[in-house]
Structures are given as C-alpha cells and as structure tokens.
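Here come two complexes built around subunit A, the first alongside subunit B, the second alongside subunit C.
And then the complex of A and B:
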C-alpha cells in the first residue's frame, strides 16, 4: 500500500529522474568543453572533459607517477577505507548497543565519548604516526577513529530511544531478557545504526583523502597531491572524479543493503553526528 | 462462575523527580469473574491505565494485592495478553511474525505456531495479509493483528488499554462488534479501558467508573442487556445517563 516506490509508476518516475540527472551532467560537461574550446576559460586551470578523459587513459596505461596506475590508487584508497570502516562497525555497533542499554554505563561513558569525538580526527595524524609509524596501520587507524565514534554513539542512541511499549509488549508475551535483546532491541535499533553507518562512510572518505594528502605514496589523495607538484590540474581532476565515483558507489551499496535488510523501515531523516 | 481477578486495597503512587509523591490510585477493591467483560471508564488521570498495567505486571502496587487465580501477580506473563492503544506491533515483523512472537519465545515448534497464527488470522479476518508489515496496514487492521498477537499465547485474561481510541468512528464501531465476536469465540476474561461511555455500555457485562486525583472507584454499573446491543435504545440511553452522571 505504502511502498509506492516499488510500483510500476514509481519505477518509471525514478527512471525519469535518473535520465534528467544524466542529461544535466552531460549538458554541464558540454558547456564546459565549449567554454574552454572558445577561449572563455583557461584550459590550464579548467581542463575540459576531453582532456581529463585523455589523462585518465594515460594514468590507466602509463600510470602517475610512472608505473603506478589508477587501479593501484583506487585499490589503496578503497582498501584503507574498508579496513578502517569495517573495524569501526565491528567494534562500534556492539559497544554502542551495550553502553546504550545500561543507564549507568551510558552516563559514565558519554562524557568521554563526547570529548573523544570532538577531537578533530586529522589532528591526530602526527600522534598516530608517532605511535604506529608511517605505514598503513596509522592511516587505517585514523579512518577507524573518525568512524568509530559516529557509529558507536548512533548505536547507543538507537537503543536508548526504543519506544518502551515494544519492550512491554514483548514482556507481556512472555519473552525473556535475552529474547527481548535479540528480537526487539536489536531490530528496533537497526534503522538508526544504519544512519550512523552512512554518515561514517562519508567521513571515512574525508579522512582518508586528508591522510593521503599528507602522507602516502599510493592512493587517490596522494595522486591529487603529487599532481599539484607538477601543476597538473587535469590529473587532479581525474583523482577528484574517481573519489566521487567510488564515494557515490559505496554509499549506494549501503543504501541498497539497508533496503534489503530492513524492508520494513522508513528511511530516517534526522541523523546524529 | 469463579473469581478470576481479585484486587484488594491497592494503592499506587509515583515519585516525581523532585521527590514529590503523587497518588495515582487509592484503595481499589475489585473482583472480576471468569469470562466476565469488565470496562474501566473515567476521565484522564483517574488511574485506569495504571490499574491495568498493575494487572499486567508492568507496574507494582505500592500497597495492597492483586491476585489472579489466587496467585499474586509477579511481573508480566503470557497468561495475560495485552493490547495497547497504539498497537505496539513490532514494525520489523510481518502480520504472521507478530502473531507468532509469543509462541516462538515460549518454544512452540514452528509447524505448531504456524497453525496457531493461521487460525488467529482467520479469526480476526486478515487472510491475505499474513506477509504484510504493520506500516502497510490500516489502523483498524493493525489493531486486529495486535488482538491476534495477544491471543496467540492463549491467555485466560485479555487486558486492553483504549485499543480503539486512535481509530476513526466507523472503524471503531466495526472493531467493537469484532471484539465481541472474538470474545464469544474464545471466551476470555476481558478488562477493557476506555474514555467512551457508549463503547463501555456496548461491550461490557459491568462498567467500573473511576474518579480522578487520586483514582478511586466511584460506581459500578451492571449492564443487563442482551447482545448485540442497540446504541439508540431506551435502556442504552438510561445506562448512558447513569454512567455520565457518575463521571461528572
């Protein structure tokens, strides 16, 4: 009745939306190309789409720096994100659920949490390097740190705000404490846990690029930074577009996962950060 | 008839944050017979929901005792089914999943609880909606599921907290007739909380009128009319006036 986005007309209207989006993008690209070709924009600062495509081809075959192809950059960045993000989810969700379901613990822990997540994550990089060296570990841990607090606080908040009537209903139906946790509190928390995970994914991209800008040899962030040394704005644009494509793809994947896992949930609009 | 519920000298007070005590119900004495349909009516603040929650075991009386089959109530349990005002259905479970929740957690095997759910779905006339989620159902249908869910553990007592309060007028009167049909099919002891005097007369064997601040029993009216009852009949109106004058 209310799953209107799955009806034939719903699918049609989404396709039309997609089409409009593509047409808009193509139009902007064409305008850009036109402005550069006719001398209205400086190609040095605003490399036109055709030039960016050429550059992408070069990075794919020759690599930038020579030998390091776009695939290695993408792989390095995506792997760092996935490692840090997965760690943050695996630890953040259970810890958040545990803390949120115990009032005393919640009161004791939350001030620490508020402080820890107020620390600007990037500013921890030098400290991470001092503790864990300049290798992969400190990069991944930084992503982990940035994501963990968001996932954990959202999970804790999710349990805290469960409507007490769900618990009461389960109690009058004879469910035990364990049954209530796994069959009521956990599913009731999932929509908000997911919204925390979505915010964290965006943050993961933010932090990894910052880390790679400062210290890394491979990765889309370091590609952009290296290009700067040679004043290659077309190369920077390639890195930038790759980042947005993969950021978008992962976010869409997460949305899809949510739709599959939580067909019953309406998407949450308000999000805790 | 046997005595099913005995409430003797029950007081309930709550402490506010500033440690002020407020009395919700005071000196409640009430016995309910097996298979009787009793309604609690009264204005907001008369403690009718508090009283119901104490029978459910969700609240403990500050003083006095509540006995069910001569046993003191000690926490909630599947022998007392509860239907809430806003269905409180689990949104992540389908109609069948919600109904099977109680039996499942009692360890009833899968095939058996499927059977229980099927039977109840037919009883509440929701065939074809087994696999719908609550948000795909109308308010009236949600309350049908909530009633079926409460019946799934085969409780002897059904506690209903303004179950039709959030429904529109037409759905509400339809659900009242449905409830009577279900009650007659399953013979339960029902405690029903409502704001509506006509709902109370239409449904119950006995109406308990509570007065607020603190909640006390003001009057009891036995409704001695054959069912189905006619809302506009002379006797109905007389009961209405009697109850209304007791409330105000």
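And then the complex of A and C:
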C-alpha cells in the first residue's frame, strides 16, 4: 500500500516524512547528549550517543570480549536463526499442507497443536538443556520449536481456506490431481504460508536473543549479557542498536521479498490472521 | 447444527489429545529412554502430586500472573492512547513514529540488562519487560487501525455534523477497536513468553523461576515438564478468556462473520 503511491508528489511527501523522522531522531540524540554532559542524567544509566559511537567503533575493531568483533556476534546469531528456521520450514510446510488437506486429521490434531503453540517457547529451555546439554543443538532446537508451529498452522490454514470454487473450476477444466495441487492449491496457499513464515522469522529472532542472554558465548544476546557483567552499559546499547537495525532490515527485506515473489498476495491481505 | 459440529469436533479433538498421551506413555514404558530424562505422563502426574505442593505452586503462579497483569496494563494503556493520538493527528504521528520504529525491532528481552540497571533486581524490572513486550504490538495495531479507517465513515459522520473530538470518540475509535483488540491479544500472549525468560534470568518466584530451579532443587525433568504444561495451560486459558469475552462478546458486531 505504501509502495503503490509512486507519483512525484507521493515520493516528495515520503521524503519529507523521512526527513522529519531523521530530524526527530537527531533532536532526541542531541537532547540526550546535552542532558548527560550537563550532569542531569547518569552516563552509566543512559550512555550518551557519542559514547555509544565510540564503543561501536571499538567493537568492530577490537571486539568484546576482546577478539570477538561485532561481526562474529552477528554471524553466530544469524546462523542459529537460519538453522532452526530452515528446519521448521522444511518440516512445517509439508506437514501443515498435509494436515490441512485432511479434514479428520486436522480436527484431531488441532487441539494438541494449539496447546503446543501456547507453550511458552522459552519455558522449554530447561528441558532442552536437560536433554541436549548447553550446546548449540538446544539453542537451535528452541528456535525450531518456536517457528515450527507457526509455520505449520499457517500452512494448514492456507489449504483449508482455499476457495472451493478454484478447485472445482480446475476440475471442470479437466485438471489432474497433481496439476490441481501445483497450479491451484499451492499458489493459492503460498501467501498465507509466507505470512506464517514472516511471523516465524520475527519470533525466531526474539527467541534466539532470549536464549543467548540465558546461555551462550557468542551472539548479539550474549554480547549484551556479557557487557552487563562488566558494567558496560555503552556496550549494551551498541548491542541493542545492532538488534534494532538487524530486526528492521529483516522485516523490510521480507516485505520486499513478498512483493517480488508473490504479487498476488496483496488481495489476500484482508484475511491476515 | 452448529452445536452438533462443535460436539463432533470436540470429540475428535479429544481423540487426538488421548492418542498423544497414550503414545507418550507407551514410549516411556518401552524403556528406550531413561525414565529420569524422559518421564511419561503418569510419572509427571505422580511427581507433580508428590513434589509440587499446591501452596508452592500458588505462590509461583500468583507471582507470574501478577507481573503479566500489571505489566500488560501499564504497557497497553499508553500504547492505545499513543496509537490513537498518532493516528488521529498526522503531524504527531510523523514525529513520534521514527523513534518508535527505531525501538520496535529490538526484542523486548534484550532490555533485561538495562531493566536490571534502571530498576534493580526487584519486581519493577520484570514489570518493565512485560510493559515493553505489550507496548509495541498494541501501539502498532492501534495505529494501523486508526490510519486504515474507511474514509467514507469519517466523511459520512462529518456530513451529519460530527467534528473534532466527538468524531474521534464516536466514530474513529470504535472503527479502530477490532485492530486494537487484536494487538492486545498478540501483546498478551507475547508477554507470557517474555515473562518466562525474565523469570529464568532474574527471579526467585514465578513459574519460569520454578522450572529453571528444578534442576538445582532435585525436582528433575518431571517438574520441568509439569511446569511447561502449566505455563502452556495458563497462557491458553488467558488467551481463550480474552478471545471469548473481548473479541467475541464485546466486539461481536465486528467479528460475527468469522465467529466459527
């Protein structure tokens, strides 16, 4: 919706909006800096922008803890997300499609699935640690668990809510079962599957940070937690800043991907949720 | 007709639940896994009766629920007010949404270290985390609801002479209510997840603390499984109640078409 408005006045007004946003952020930063420099705010509680910028430079060159730069933290976090997420998508989409297309199975499975979804993913961490130790596996499995149910239920729902007329029309035109699946059912359910995957990626990001806070040596979450034990609030701020940029890029990237890959999804946006 | 399908659905659903429980018990009795690491449902019930005295459980559950309710209320109310204000007054939205967009992608849990610095180890740091968790989904949905009100609705009301705050109160806010409710539901459910992490990291009481400490207190995996199920049930109950009483009853006029 926001991108469809590409007339010259549309672009101009978007540029003005962007400018207002930047000015606001700069103003907040300046005020913050001023309040700290004049002793109204404690720099330990509220590390000022200049200090955060210095720290950002140090983390990219020297690293925190020494030798571990911000890039290796980001890499660790991204790899964990990707592993758990890929596993969830590879299993969740086919299982969801299968369950959704069998009415009896769907009804039998859904209460259990609903419960499994309501289980707070983080609360599984102690169990994962008891079963798989504190290593990488339990972290990835946690991300997997959090993503799986969202992807699976959305895929199942996608199949269930396909308009029966689409399928009937294809049948009338003499399409075979495989043709119906690949040319009607799959394209019709893709937007919904994609929206499930979008939600899941956001959740993966959220869970991995929680897991890294609680136990990990590398990763953005552990950077923040590590910094706390050394009373380095400026380093913590750098970590938060990185999470903000990272999360923003993730969301924007997915939106863009959806527009490019699934241009027919727009009309289905109404049935979101 | 509807009651009948509902009854049949329920029956099939129970079949699924029972199948899972029986399957779990059978795997346990086959003895592939050590009962201490993978306890069966009967073991869990036994352990729960034996090691989880109700008083203890009540303390933990009460601590968790209290945090969620206080934190959620403190996060949702400003979020709704700000969401409405930024959606109604465009200039305010333009100014305020850039800092909000900057903070929104940060997983609320990442603030825990700062929460500890700002508010100490006490109750307030956990409430702050819940507040943040609830704030962003609610404000985003409220804002979205406000800016996507059908313009014809506003114009019709203006034609009939409504303007200013009365227009906002009588037409715009009711039109945005469904979105606000959806945001609240998302926020509520996320709050629960966030609370568990906050309690694992820094709390003596609460369900999250209970399962994390189960390893130290010798309760073992059984207590962890018991706790996980309890947390899930609590989350499900709250979500169900919210869905029934807020979405279906209060906003019946909007959600009636997809009631089933």
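Throughout what follows, the second predicted complex is superposed on the first by the 246 of 273 C-alpha atoms of A that agree within 3 Å, B and C clash if a C-alpha of one lies under 4 Å from a C-alpha of the other, contacts with A are read in each partner's own complex, and residues count from 1 in each chain.
One rule holds in what follows: contacts are C-beta pairs under 8 Å (C-beta built on N, C-alpha and C of every residue); 3 or more make two chains touch, one makes a residue touch a chain.
In this text, all values refer to a predicted model and were calculated from it rather than measured experimentally.
Chemist: Regarding the shared-chain residue A:168, is it in contact with subunit B (first), subunit C (second), both, or neither?
Modeler: After superposing on A, A:168 lies in contact with subunit B but is clear of subunit C.
Chemist: Considering only the touch criterion stated at the top, classify A:21 as touching first (subunit B), second (subunit C), both, or neither.
Modeler: In the superposition, A:21 touches subunit C alone.
Chemist: Which one hits more subunit A residues, subunit B or subunit C?
Modeler: It is C that touches the greater number of subunit A residues.
Chemist: Is A:187 touching anything from subunit B or subunit C once the two structures are fitted on A? First, second, both or neither.
Modeler: A:187 sits against subunit B, while subunit C stays out of touch.
Chemist: Tell me the contact category for A:125 with respect to subunit B and subunit C: first, second, both or neither.
Modeler: Once the two structures are laid over each other on A, A:125 reaches subunit C alone.
Chemist: I'd like to check the shared interface: which positions of subunit A are touched by both subunit B and subunit C across the two complexes?
Modeler: none
Chemist: Help me check something: in the complex, which residues belonging to subunit A touch subunit B?
Modeler: Touching subunit B: residues 1-3, 163, 165-166, 168-176, 179, 183-184, 187-188, 190, 262-266 of subunit A.
Chemist: For subunit C, which residues count as touching subunit A in their complex?
Modeler: Touching subunit A: residues 9, 12-17, 19-20, 37-38, 94-99, 101-114, 116-118, 182, 189, 192-197, 200-201, 207-208, 211-212, 214-215, 220-221, 224-225, 227-229, 231-233, 235-236, 239 of subunit C.
Chemist: In their complex, what parts of subunit B are in touch with subunit A?
Modeler: For this pair, the touching residues of subunit B are 56-58, 75-78, 80-82, 84, 86, 88-93, 101-102, 105-106, 133-137, 149-150, 152-153, 159.
Chemist: Which stretch or stretches of subunit A touch subunit C in the complex?
Modeler: Touch residues, subunit A against subunit C: 17, 20-22, 24-25, 28, 44-45, 104, 107-112, 114-116, 118-127, 129-131, 205-206, 209-210, 213-214, 220-221, 224-225, 227-228, 233, 236, 239-240, 243-248, 250-251, 273.
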